[in-house]
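Read from first to last, the chains carry the letters A, B, C, D and E; within each, the first residue is number 1.
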Amino acid sequence: EIKQGGTLTVPIINTGFVENFNPYTSGGLFEGVLYEPLMVFNNMTGNVEYRLAESAEYSQDLKTITVKLRDGLSWSDGKALTAKDVAFSFTMTKATPAFDQKAIWTTGNLQSVTATDAKTIVFKLNNADSTFIWGLPKYHILPEHIWSKVADKDLPTFTNPNPVGSGPMTDIKYLKPQQMQLCRNANYYLPNRPYIDCITFRSYNDNSQVQPALMKGEIDWGSNFIADIDNTFVATDPKNNHYWYPANDAIHLYVNTKEAPFDDLNVRKALSMALDREEIVDIAAYGYPTANFNAAGIAELYGPYISKDVTAKYKDITKFNPEKAKQLLDAAGLKDLDGDGFRDMTDGKRVEFDINVVNGWTDWIQVVQMVTEYYEEIGIKANVKTVDWAVYDSGLKDSDYKMSINWSMVATNPIEAYQAYFSTSQIGKSWHAGHGVHSPEIDALIDSFGLTNDAQKQQAILDELQEFTAANLPFIPLFSNATWFQYSTAKLVGWPSKENPYVQPVWYDGGKRNLIINNLHLK
Amino acid sequence: MDTTNNPEVVLSVRNMIKDFPIGQSSSKNSYMRAVNDVSFDLRKGEALAIVGESGSGKSTGARVLTRIYEKTGGDIIFKGKPLQQYIDDHGTLEYARQVQMIFQDPFGSLNPVHSIYHHIARPLLIHKRADKKVIDKLVYELLELVGLFPAVETAEKYPHELSGGQRQRVAIARALAVDPEVILADEPISMLDVSVRLGILNLMADLKDKHGISFMYITHDIATARYFAEKTAVMYVGHMVEWGNSDKVTQTPQHPYTQLLLSAVPEAGQSGRRELGAKKGEIPMWKPDTKGCPFSARCPRALDCCNESFPEVTQIADDHFIRCHNI
Amino acid sequence: MSFLLRRLSFYFTAFLIAISFNFMLPRMMPGDPIDALFAAAQGKMDPAQMDAVREMYGFVDGNVFEQYLSYMQSVFTLDLGPSVLMFPIDVTTVVGMSLPWTMFLALGSLIVALILGVTIGTYSSYRREGFFGQFVPPFLAFISNFPYIVTALLLFYFFGLQLELLPLAYTYDPAIDPGFTLEFIGSVAKHAVLPMGSMILVGIATWVFNMRNAMINVLGEDYVTMAEAKGLSSFRVMYRYAGRNAILPVATAIAMAIGFSFAGSIMTEVVFNYQGLGNILLKGIMARDYPLIQAILLILVSAVLTANFVADLLYVWLDPRISK
Amino acid sequence: MKEALLEINNLCVDYVSANGVARAVNNVSLTIAPGETLGIAGESGCGKSTLAFAITRLHKAPALISEGEIIYNGRDVLKMSDKELRDFRWNDVSIVFQSAMNSLNPVITIGEQLTDVIVAHKRISFKQAAVKAKELLGIVGIHGDRLKSFPHQLSGGMRQRVVIAIALALEPKLIIMDEPTTALDVVVEREILNELYDLKEKFGFSILFISHDLSLMGEIADRIGVMYAGNLIEIGDAKTVFSKPSHPYTKGLIASFPTIHGPKERLYGIPGDPVNLLRLPTGCNFQDRCADCMDICKKEDPLLAELNVDYHAACHKL
Amino acid sequence: MNNSITSDANAPVPGHKSEFKKKCHSAWIKTKAFFHGNPPAIIGVSLMTVILLGALFAPVLTTHNPEKRVARPHVAPNAEHVLGSTRNGRDVYSQVLHGARKSLTVALFAGIIAMTIAIAVGVTSGYLGGKIDEWMNFVTNVFLVFPQLPLLIVLAAFLGQVGSMVITVLLGVTSWPWGARVIRSQTMAIRNKEFIISAEVMGESKIRIILVEILPNLISIVFGGFLGTVIYAMGAEAGLGILGLGDATEVSWGSMLYWAQVSSSLYTGAWWEMLVPAIALALTGGALALINMSIDQVSNPKLKTGPHMKLWKKMNRETMKRRGLL
């Protein structure tokens, strides 16, 4: 027996709420709340959770996607939600490139979106691409009868007053700079859903303020780093205060293999072996993330896709083994020539490099600080270099770094991560491609992924990519970030948890939170 | 009165004018004339006293002479040469050496952070009067000359460790250090104890008589003017109204202002109310285009013409001059 | 009158210089808002989209001089464009939302600190030899040297978190509707206690010392002794004869203190999540929200200039000796 | 001699400083009769102002009235309570400060400075006080419109008169005037003196007149006291002090003033410098500067001895 | 006259050999007098001495490398780590000593830069007057009314990660106007003093007048202003540090506070990580403020207090008793 009612309170880190309900410019505040996605790709279960859509099918040549909507959809104002609305929503972003989240128009692969009948939308692509569909949930489905009234040029500044949506919460109860409340959509397409009545957003400056709010029970759902959570949060109410930190994106040290001595694979291996990942996770990150011993460039987040063989084959590289690291370095000709405790190149110049990290990203700074300490043990002089975001950003893109800490992509499928890692077309554009390991074969391999819809073939491609990554080691794996997720069962239950991992509990992902909001109910 | 070429005359001033700007605008009337049409000669070894009430332009005159202020008009002739020419020929520093000034305030005229030694030694060094090596001796001699004993100890002291009279002596020694021809003493005793005043006056008198230094002695105490100076000039609102031999000016004053001044001086034994021979009135602010005699508003003997023009100089006795329409 | 005119022209020139500087600032520095937006999105944005977004926010290069002209125009028309951080809301709206709170916090704490400081300063100089005069000023000197943030954090921790006496965040309880109700005013007051308290603690010593020094100078003046000789009550002597004059040098410092008070409020607002200018300024800086930063600096400069001007007027009014 | 209005007995005032205790007024005894003008002369720093301050008990730390009594109409000022003292001040004794021009508060109108003393002591309204204030200004020759002026808007002489007007406000029996005209021009000084003569005739108060200008003193005072280094060294009627001074210091002092009319001859003044109060010699304070110094002068402090009826001096030679 | 002065000018004279000694002696006397009966001075100077010594001898006094992980995170104070360890496992005691070096260096140099500019501008403007003064005064006022700290925050943020060097310079070049104004007005007061005019009349050069005649008279306000700037700079450095605008990898009090804050040390009960640098800052600031206060007491004669006040109180009580008023 599930009770209806109750309010969910969540913290939002921003500068206060303003009257802007344009889903593209309001910082993702309303995705999955005011606006229902077509579907959600659930990486935790590997399932596709269809929401507004009932199904989505690729044609045989992978050049057409046919999306069918559910029956009886309607907008919160009672008007019917049809395929025309969906087609409009996608076409609209063509005129407004800033809304074109996955650049489906700007990069030119999408030919057209058409509503063939009231329930069917057909996407026509220029080239076969089985990964295209993953981008669809990023586009918001908007009511044509409102949005078509806005001139194209005004769309970016359109604040969408009195919003009409299809999500679970569409009724704006109030909006004050520090707090706003949305309540249930009377016309929601799922019966009895959502169970809860309202959702309250509270504005906070940063994590350090969310922490006391959690401790005082002012909020139900935290998505923030909380220091010493067992003592500060769980201990205040052990029965109701919980957290679950499943793995998220993988953090690596990116190495610029174009520069000596990093051009030597053995040196990279040594730098990897020198690190005690467990300890780093434990100290620098309170033990919340999971150490990553997979040299293949992906980690726990993509669990089902990880090749066990590759992991096993290269496991030595990620094992903490300073002695072996020293041997490798000796063998590579990096020896301490002047007796200062640090290794020198063969020409006598000390091996010394900076590890770039963004100023203010303290968890990473701590990680890098620990890394430098480990490197010092094996005689390598590395310095923490905290830089402004702009510098960090252009450094990664322009390959202007020796070593830089960075995160890998969070995507529906690891192929997107590999695309970013190795596609030659990504050099100078993405942060992940500046390391210098590329080859035409790999490019072709990556491209071939989108040309098939066969899961086994796709896995084979992924295996090959994993092997390639581990063998070349352009990234020194460190750990998988934790998905920060604290929740209180004092009022509401139905949370995803270790026991019931029905979705990765990411607040900032509209689809995932949509699933959770639909699942929460009074105790 | 043309004594410009008289070798005895060291410094001679002719029709000196000094205007000060008032306010921001620069129209003619936004100036005040602090010194107007002042002329006098200063002879070697002779003292000229300038008396007059507060704000009558006494200090301003002296400051123009020491080139603290630029003159607005008139001529200053030093040692037979116009001042500018003298400076062109001999340099600013030389003129600064020849014409020294003693300030009114013995407490303000010595730098509290420097020892007495510094004060005396600096002028010697600036004007290269002595070598660094022998400078000590000169300093002590000077201190002894002005009666500061024991010189060595005094030299090491700081101004705050000296009494007012001693400080004023230091100021005099400092002026003497550069061997000047002229000393402009701006109310040198007004801030001193009654009992030590006379000491300073006597010291200056000695310097004048024995060393031939010329003094311009500024004061508003007419009795000390008579005591110290051979000549006295009485100023009123920037104008010289009566001047000449000190005794004549003080004993037989002819100008109504001088008479007023003298009648106001308190005197022991003359108890009781003493009527002043002048109307009450505020001292006017003199502007470049103000007409008439500055004293006319308060003058008991004022004539019609007193409001029209400034009176010409009249010699009323040997070495006794006056500017008044109604003699 | 010409005195005020001259001051006015000074303020105007200073203002022009300030806003020109304001214009140059972002253009001299590396990075732009879109980069920052990207950093915040942590890769969830497609790089291909960046230029489009840049255009949307209006960050297109152009002739610097033209930019300057349009900037100047925007300053004087108060039309500063949309904020990046809260796109597409106008900077003016954003600022208008937070300015009152910062004014309340900065001016309120300044006034309270001023009143307390002046009172303590007056008293401690009057009783200079006593316990109060000997110990209170040094003690305050000590207290006020805790950095703003530390004082704020400590208060936050003890009163907000540990004792749970006072709220931890916001300008008022979000459950209450703003209005001229007792409940709302009470809530505002309650929420202001900690942030203001920390600013007052930090600020008070300045006034104590300013006032004390001024008082001690004045207490030696003849007119104070004369007032005593006249047999006036010591209250009247202390306030009418000594305090009245001692406040003069303090008055000039007030204008200056407004700048400091605003600075202090930036720090405290961050700690107490107080919805003021400082809070959004810091966020704006992180996000490279130039329009917002420029607007806030503009306001700060205008506020300080206005305060100075008011202080000038105040001074003229307080001190009859200044030519009118 | 009439009943004394004010009687000072063995008054001592000390300044406690970091370098020691300086006795600025040492064992001074004197009386002032009703309607009398007593002049106190002596050079700078001899303790004249200190004495004046002591009479209304205005001294604050580090000054201390350590000995003696000040009897006003039979009451010892030094034993009054705060309230009594407040009543006594200005009602009975008012004081015109040295540099009186600076004793007006620059930011308060002279009107208020006049009225508040009246209101503080009398049960009348400010309005009535203002009428009285206008009257007072008229008495010292200033137009009543000036009530609204600030001190800086008046000339030095006018300010001096305002201060005198304030001193007269409650028609006290005794007015202490501490060098009331030193900073002024002779002409203005004369005007004020004339005013003072008139006022005294009208109100009949006593004056304690302090100055270092002996000529002025000789003119205004009935009796003159001369102080040196905190001691009263000579006191008697003005004429005698002037024409036949007894103490060598007084003699020197009188000889230090060049006159306008007398014969012009070299004067010698007093050699040496004033003594340092912190390092007083044993014996007579004047010994170092005295031409007739004897052995005893170096050992014993001379006491004030009555030389004549109502004429005292302190010197071993006498 | 001429002769009397220069006659035997060549004869050797006992020189001013003892002058140096005397100066030292009088300096000693002055120092003693400064401290005597001046508790703020005693407390302030001793505190500051301890802090300075700690900073100076930090390498000797510290027990651990401040930039190395030497303990488990957030170890409470114990024998091994007297002030506990940070979240990053660094020794707080060692950090606070080393941090003192950085923080004090920043503050001192910022103070020096600011005071140098302030003196240059203030004295020149005050002494020379006229147009130069007008311009300099204008510039000073413009700088003065600029809201400095917000500006600093913006600047620091725009410069990206700023090391202590940049902070020093930023603080230095933005903190001078107040000092310049005070110095200017003091200079204007001194300029019209007769000893300056008489030096001018004597023919002293302008530069000598500024340096030798005017400047020494400003020592106490210069020093006071310097201390004020140092206090301010220290607080500002810490403030910028806490806001994350400084270089978090340097060890300074600001960065210590920053780390203490980001690791929520107060919430997690690791008060030492936050309080130690905070108290260090407050103590240093307080000590400097006390010194400043005591300088005020010396330079302003009206403020003078001292042991004699005790004597006065005693004497006062006795006389009061004698008169029966107590």
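Things worth noting here:
Criterion: contacts are C-beta pairs under 8 Å (C-beta built on N, C-alpha and C of every residue); 3 or more make two chains touch, one makes a residue touch a chain.
Model, not experiment: these values are computed from the prediction.
Between the contact lists of chain A and chain D, the overlap consists of C, E. With centres defined by CA atoms alone, the chain at the far end from chain B is A. Comparing the chain pairs A-C and C-E, the larger number of C-beta pairs in contact belongs to C-E. Inter-chain spacing, taken between the CA centroids of chain D and chain E, is 47 Å.
Centroid to centroid, with C-alpha atoms defining each point, chain B and chain D lie 32 Å apart.
Once the centre of each chain is set as its mean CA position, chain B and chain C turn out to be 56 Å apart. In chain E, the positions touching at least two other chains are 160, 261, 267, 309, 313. Each of the following residues of chain A touches two or more other chains: 212, 215, 360, 388, 390-391. Multi-chain contact residues, meaning those touching two or more other chains, occur in chain D at positions 61. In this structure, the chains touch in the following pairs: A-C, A-E, B-D, B-E, C-D, C-E, D-E. Against chain D, the residues of chain C that register as touching in their complex are 129, 221-223, 225-233, 236, 240-241, 244-245, 248, 318-321.
Against chain C, the residues of chain E that register as touching in their complex are 39-40, 43, 138, 141-142, 144-151, 153-155, 157-160, 178, 231, 235, 238-239, 242-243, 257, 261, 266-267, 274, 278, 281-282, 284-286, 288-290, 293, 296, 300, 302-303, 305, 309, 313. Only residues 14-16, 18-20, 22, 25, 96-98, 100-103, 106-107, 156-159, 176-179, 202-205, 209, 212-213, 215-216, 218, 358, 360, 388-391, 393, 407, 409-410, 429-431 of chain A touch chain C when the two sit together in their complex.
Of all the residues in chain E, the ones that touch chain B in their complex are 1-2, 4-6, 8-16, 19, 22, 193-204, 212-213, 216-217, 219.
Within the complex formed with chain B, the chain D residues making contact are 43-45, 155, 185-187, 189-191, 193-194, 197-198, 212-220, 238-239, 242-243, 252-253, 256-261, 264, 266-271, 273-274, 289.
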